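Chain nomenclature is as follows: A, B, C and D, assigned in order of appearance, with residue numbering initiated at 1 for each chain independently.
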Amino acid sequence: MTVLDSAAEQRLRESFARQGAMATLGARLTHVAHGQAHICFDWAPGLSQQHGFIHAGMMATALDSACGYAGLSVMPLDAGVLSIEFKINLLAPAKGQSFRCEGVVLKPGRTIVVAEGRAYAIDDGQEKLVASMTCTLMAVQGRPGVAAL
Amino acid sequence: MTVLDSAAEQRLRESFARQGAMATLGARLTHVAHGQAHICFDWAPGLSQQHGFIHAGMMATALDSACGYAGLSVMPLDAGVLSIEFKINLLAPAKGQSFRCEGVVLKPGRTIVVAEGRAYAIDDGQEKLVASMTCTLMAVQGRPGVAAL
Amino acid sequence: MTVLDSAAEQRLRESFARQGAMATLGARLTHVAHGQAHICFDWAPGLSQQHGFIHAGMMATALDSACGYAGLSVMPLDAGVLSIEFKINLLAPAKGQSFRCEGVVLKPGRTIVVAEGRAYAIDDGQEKLVASMTCTLMAVQGRPGVAAL
Amino acid sequence: MTVLDSAAEQRLRESFARQGAMATLGARLTHVAHGQAHICFDWAPGLSQQHGFIHAGMMATALDSACGYAGLSVMPLDAGVLSIEFKINLLAPAKGQSFRCEGVVLKPGRTIVVAEGRAYAIDDGQEKLVASMTCTLMAVQGRPGVAAL
């Protein structure tokens, strides 16, 4: 694990702060390193599906951002990141008080970066793997409307 | 297209009303039929990513629900629906004032139902395809905590 | 549907002829048009899985090529095509005498092209949808070892 | 890692031997354990795409079988295994003399088992990760035509 320098970490944290979706989740960027990002959030009624579990899409929101920031951390400082596609497997009902989504780069590339995510539910102090993601990211440079964040 | 009978439609609408995530999106279930469901929502800052577009995960939330209700509409009345996995392709930045997510059943099965989703952005009156999804659903009967919704 | 000009069609057919995997499948490129490609092959013992159906990976081989040639047909003549990723849903056992895989471009882009595939089994004259694919392709220009095919 | 008992290992090896597709690849089942299976094969012209690399679908064939046998190893002895869906990311051109596909169970379940695969190319003695897969499997019991293999 390589620690990010302060400019690189600041870029990630500024980008994270600009994601309205992360505020909606009450999400915190709890860990960043070269090729890694963790995002945590707590259960809330506004994130639930019909059975009271976290909605698969809300979990995907946190996982996609975790994968995206893991990916951005290995991209040039003047690049922005866009998700091209992702796939999520819901391994168990997302039942718990809080959730930790871990993104890690599997394959860095000049244009395409592939990252993987794992989501863990913390339920009464027990941790459980509840979802996995594979996410394909694109480094975007010089495209109007896509800042280097 | 086959119209749902009122009991079947009511089941879907009750389930939708219980999804806190749909309220967070300000989402409306605008169309249901046998094997079909449409969900619409408007742009809001709390749904955005760092460039101001709709966050891929928030779009996935609406698409997953559209696919899920399309799937539930072809399942027995005493079954609940769970997403096993989904994959989304982000085809264009989700830029616009409002969004329509269409779910349609591709393959109904006794246990496994596969649905496809399309998301359209409406931007200054112009409609544009911005995302596609494939979603694998499971019909769940008699599992504690998973109501027939 | 737009017919390809003869140079564009020839490029596809030459590329197809260079795929040893297509010969192994006994596959024919039965249709090409702008954004479309169809590939047909017959059941053979060397393509089967343990129950005698076509192996999911062999079906994926034909679908990936169908999607790839659909994609290549919309790319510049000096570009090569590489699959970045694909996802296949096996909707029914691939049981039959012959199979038709249809690829169609969902979203053309300068660098990234997304295509969708459908596989049909023909079993005693009855056609049945047995698999669907989403495939993300990249146009590659000027990379050593990747010819414009 | 838990070693399989001889009856469980024999079931896997018999199933593997019945896959015509594995013979076409010249594939060997080089390792099996509880929740794990490795499949190796060598480069051959009949497995190639237009640039001479292993065709993505042929790699998917080996990865899907590796995931499938990893999954079957955790299923009851009277169950058969079917792939519901899989997704593969092609991380680098599959260039090399031989290839090793590793499948491992991520989440065992009564009906649904999720496995992950990694494909490595061995090129002039150097190993390189060239593809990753997520595969959703279903345990099938008592379905005509689907033997417990």
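What we mean here is this: a contact is a pair of C-beta atoms (placed from the backbone, for glycine too) under 8 Å apart; a residue touches a chain by one contact, two chains touch by 3 or more.
Values in this document were obtained by computation on a predicted structure and should not be read as measured data.
Ranked by separation of Cα centres from chain C, the top chain is A.
Annotation: A-D is the more contact-rich of the chain pairs B-D and A-D, by number of C-beta pairs in contact.
Averaged C-alpha coordinates give centres for chain A and chain B that are 22 Å from one another.
Note on chain placement: the centre of chain A and the centre of chain D lie 29 Å apart, centres being C-alpha means.
Chain B and chain D have Cα centroids separated by 33 Å.
The residues of chain B that reach two or more other chains are 84-85, 87, 89, 114, 134, 136, listed in rising order. Across the complex, chain B is touched by residues 15-16, 18-21, 23-24, 44-52, 55-58, 60-65, 80, 82-90, 93, 145-147, 149 of chain A. Chain B contributes residues 87, 89, 91-92, 106-107, 114, 116, 129, 132, 134, 136 to its touches with chain C in the complex. Those residues of chain C that touch chain A in the complex are listed here as 84-85, 87, 111-112, 114, 134, 136, 138.
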